[in-house]
């Protein structure tokens, strides 16, 4: 357990003081945005399972061969396979890690955790949320009533059990998690980074506030005027955000609420391929879909127009009566 | 300081287990809803200052001569005058208590606190919020970094200063506040109590989750179908709610976001009258506007059509480009 | 046609699980059979059942034929009453708004503890399982129904690892651990319906599924089973239950 | 026309306060002169100034002639970037997103502590003041600008009650109390602009307002004042500043 488990408040504030939080345009390319993520960083990932995954950003980081990242996320799906399988991360903090409930265990996760020396650090789902929330609130911990009595807590010396000074009850204090950088995909934001999220928010708001920098990928960039017409729809304020990248279908083959559902034929083929051989299968998948395409649009072309449009039809239908 | 400052978790859960949280219609009259508020209860009030005050509900409670209530609210304005001046409450928990910044000190508050034996219990604004939030989260406290070093904390033995078990930093733990009942006014809800709030939310969501029962007053009741078309706009879930009352202009003479601004001529006249004589002036005000009218609409008539419509024109203009 | 041919093991599991829910309850449902069974209950006996999902959904009303692939997909929100953050929907459990949690299980023991983290030694596991998801939070904070396959390797005397606490070591050990609320209430398998002894907190068979006998349940269980004094036989799935279930999951996503 | 006749005391207070802000800053503003001055800065030198209000507003852009009667009114949200909960906007201070807090003051002392709670003994106060509002949180968690009227009874050696902490008892006492960040940075009155000594943390005059001399400031202060070595005289309000201010507050709501 590192002694930097919880950043001292003065250091957290110093890092914040150094950030340029002014109202300014920060639209960059995917390649440029990746520059905010350096080897060895703690990286928080927005969305959950197969939803609003910042896939384009992960795709770019894998193409750029980042190393030794520590990933934290609400719930980890094939994004976890990819960061382990590509070698960009050696540590994942989450509550659940598989490809998806439909496919059983992830052979990729199993391979890297059971044999490959990579770490899957398990917390309860609420504990992950409370860790981001504490980080976003600027406090070193939050109290919870879960995990007590389980063996999960035995694996987590980072959490501290106390007797409540008010009631005498047993409580678990979970430490703040302030990622160095958060990657979050949204439906809309303006060039400053004021972001609107439709539908399921997962832990993204807490994550954005907790992280020491945020890269937003967005399905579309709208004007600041449009944001200001409905300020109660803004979910992430611009001063949390350090880079904005417009990437249509930026979560593919995962879903983006109201726009497209997961591209399930691609997912099925992926799972079959990597679970058949977690090393070679993964390498072939990365070669074909990650390293070879010249652009994100070419990657989408490989998934195929049929899949993309079918997922779009299903995605939009959430708003149908 | 009562030993029931923070309710033991088992008692909190027992109270919750006894609530009927099923999906059921709960539309009642203002008179009937008042039955949820009993003498001596801890009552949380939604909105803040002159905004989305559940005035119609307070009006009804004052007409029914409730006693010994303990009020908590984000920020207290003329609602505080009225609950002290009418005698329904003897204790107010908040961070700021006056009629409004435009009018200086409240002579009514001063009279009752300096001479009348009523208590104004002051916390920092964030501390009030954290107390409701802890209550809504089902934890006995939340840590904060404010109030330290001030004399406010010296007045508040209810809060506990600790050295953080993670960082060694000084922190203040503020105790959960779970009101017996919360009174909240919203723009829209369905007959089950699924509520949408436009614009400023203040501390209402935490308050609704924290309270052991909730009375919603609403500008209008919409169908459950309408709620289900945009579930990400629901701010308070129905199972928090015990009663729903449809009361157009239910915050008058205060404002309701997007619908009407404060009725400032009425407010000015009120302030002039009660500050001239906090006892007699208040009594005359209550006689005229609270005890005499036969209905809420008659109360609105006394405020007057001109004021009501002028406030409405201003209220709607927030959405104008 | 014999009883056993009318439905699959997964179908009777879903149907008997659905029967454990009561109209008006607030239920926190996991993916798979729990989601399907809760939706079945809502579409049959319990129109006022409120279903919560860990993705951040209150009052879900899942569309037939469009079952979500996880509880974090947009399909979970169709005609829901409310969508909120993932941590916030879990906090509703902690505050006490939820009547019952409803999950699947990979491995369970005599005190209702669930393991979904490790097979073998956690320090050097034979198999690293997916982990708790919302399971630990749900089982720590409310009353639980678990629906799972009945196999000897899944029903063990002591789980390798307590991911989601049942009654821990039985007796008062759950409460003593700091979990005064909730606990394991029912376990449903394709063979039987189980409850827990009020004092010892050990699992016991409450009812046998139609066509199943005591020996069959015991033979598929890795420890000695108790049978309730009032042991009875559950009534078989009705045509209406089966039809509704098949209408909800025509592709047999969760009932294969 | 003499300098003193060109503007009121409230006007120079608002204008000199506005000058303390820098473009691109994130400022948490209280009601009254702070709101007005921040808006003035935004409409003159600082188009990228981000104004926060405790009602739950980020990036406010208040309309001329429609100043809100408090920071909890809908007018605060007009063309804002974001509206959020009251506790959440305060938590942004705690997390460190805010560069500077900006409030009015009723009573201040030599170490920049503010009192808005009690005149006299808190146990039996002569006057119960309105209380802290967001003041304590803001002054505990960020750097502070205070705009206030200059009167002897308001500038005292030691406040009756520390509602919003400045440097407490000076020196390292603020940090020692558990407040490692922020602190009093500037105090603006209709007579002068004040800063604080880096070591002793005692207030000192940095600049005199146009037409004001040392004695006038000292005579209106309840304790012995230090004057900075580089004491200078502030340049007078420009026509543009005055015109913009009057355009913003035509009804003289906060500049009477």
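Note that the chains take the letters A, B, C and D in the order they are written out, and that residue 1 is the start of every chain.
Here, contacts are C-beta pairs under 8 Å (C-beta built on N, C-alpha and C of every residue); 3 or more make two chains touch, one makes a residue touch a chain.
Quantities reported herein were computed from a predicted structural model and do not represent experimental measurements.
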| item | value |
| --- | --- |
| A-C compared against B-C, more contacting pairs | A-C |
| Chain centre separation in whole Å, for subunit D relative to subunit B (CA means) | 29 |
| Geometric centre distance via CA averages, subunit C-subunit B, whole Å | 40 |
| Whole-Å separation of chain centres (CA-atom averages), subunit C against subunit D | 58 |
| Shared interface positions of subunit B, touching two or more other chains | 9, 138-139, 144-145, 169, 171, 199-201, 232 |
| Set of subunit C residues in contact with two or more other chains | 57, 77, 83-84, 91, 94, 180 |
| Interchain pairs in contact, sorted by label | A-B, A-C, A-D, B-C, B-D |
| In the complex with subunit A, residue positions of subunit D that touch it | 23-26, 48-50, 57-59, 61, 77, 79-84, 91-92, 94-97, 99, 180-181 |
| Residues on subunit A engaged by subunit C in the complex (per definition of touch) | 48-51, 74-75, 77, 94-98, 100-102, 105-106, 109-110, 113-114, 120, 122, 124-127, 129-130, 132-133, 144-152, 155, 161, 169-172, 199-203, 205-206, 255, 257-258, 261-262, 264, 315, 318 |
| Of subunit D, residues touching subunit B in the complex | 31-32, 54-57, 69-70, 72-78, 83-87, 90-91, 93-94, 117, 122, 125-134, 136-137, 140-141, 161-165, 168, 173-174, 177-180, 253 |
| Subunit A residues touching subunit D - in the complex, by the definition given at the top | 9-10, 12-13, 16-17, 20-24, 136-139, 192, 194, 209, 224, 227-228, 231-232, 234, 237-240 |
| Touching residues (chain side subunit B, partner subunit A) in the complex | 5-6, 8-9, 138-145, 160, 162, 164-167, 169, 171, 173, 175-176, 198-201, 229, 232, 321 |
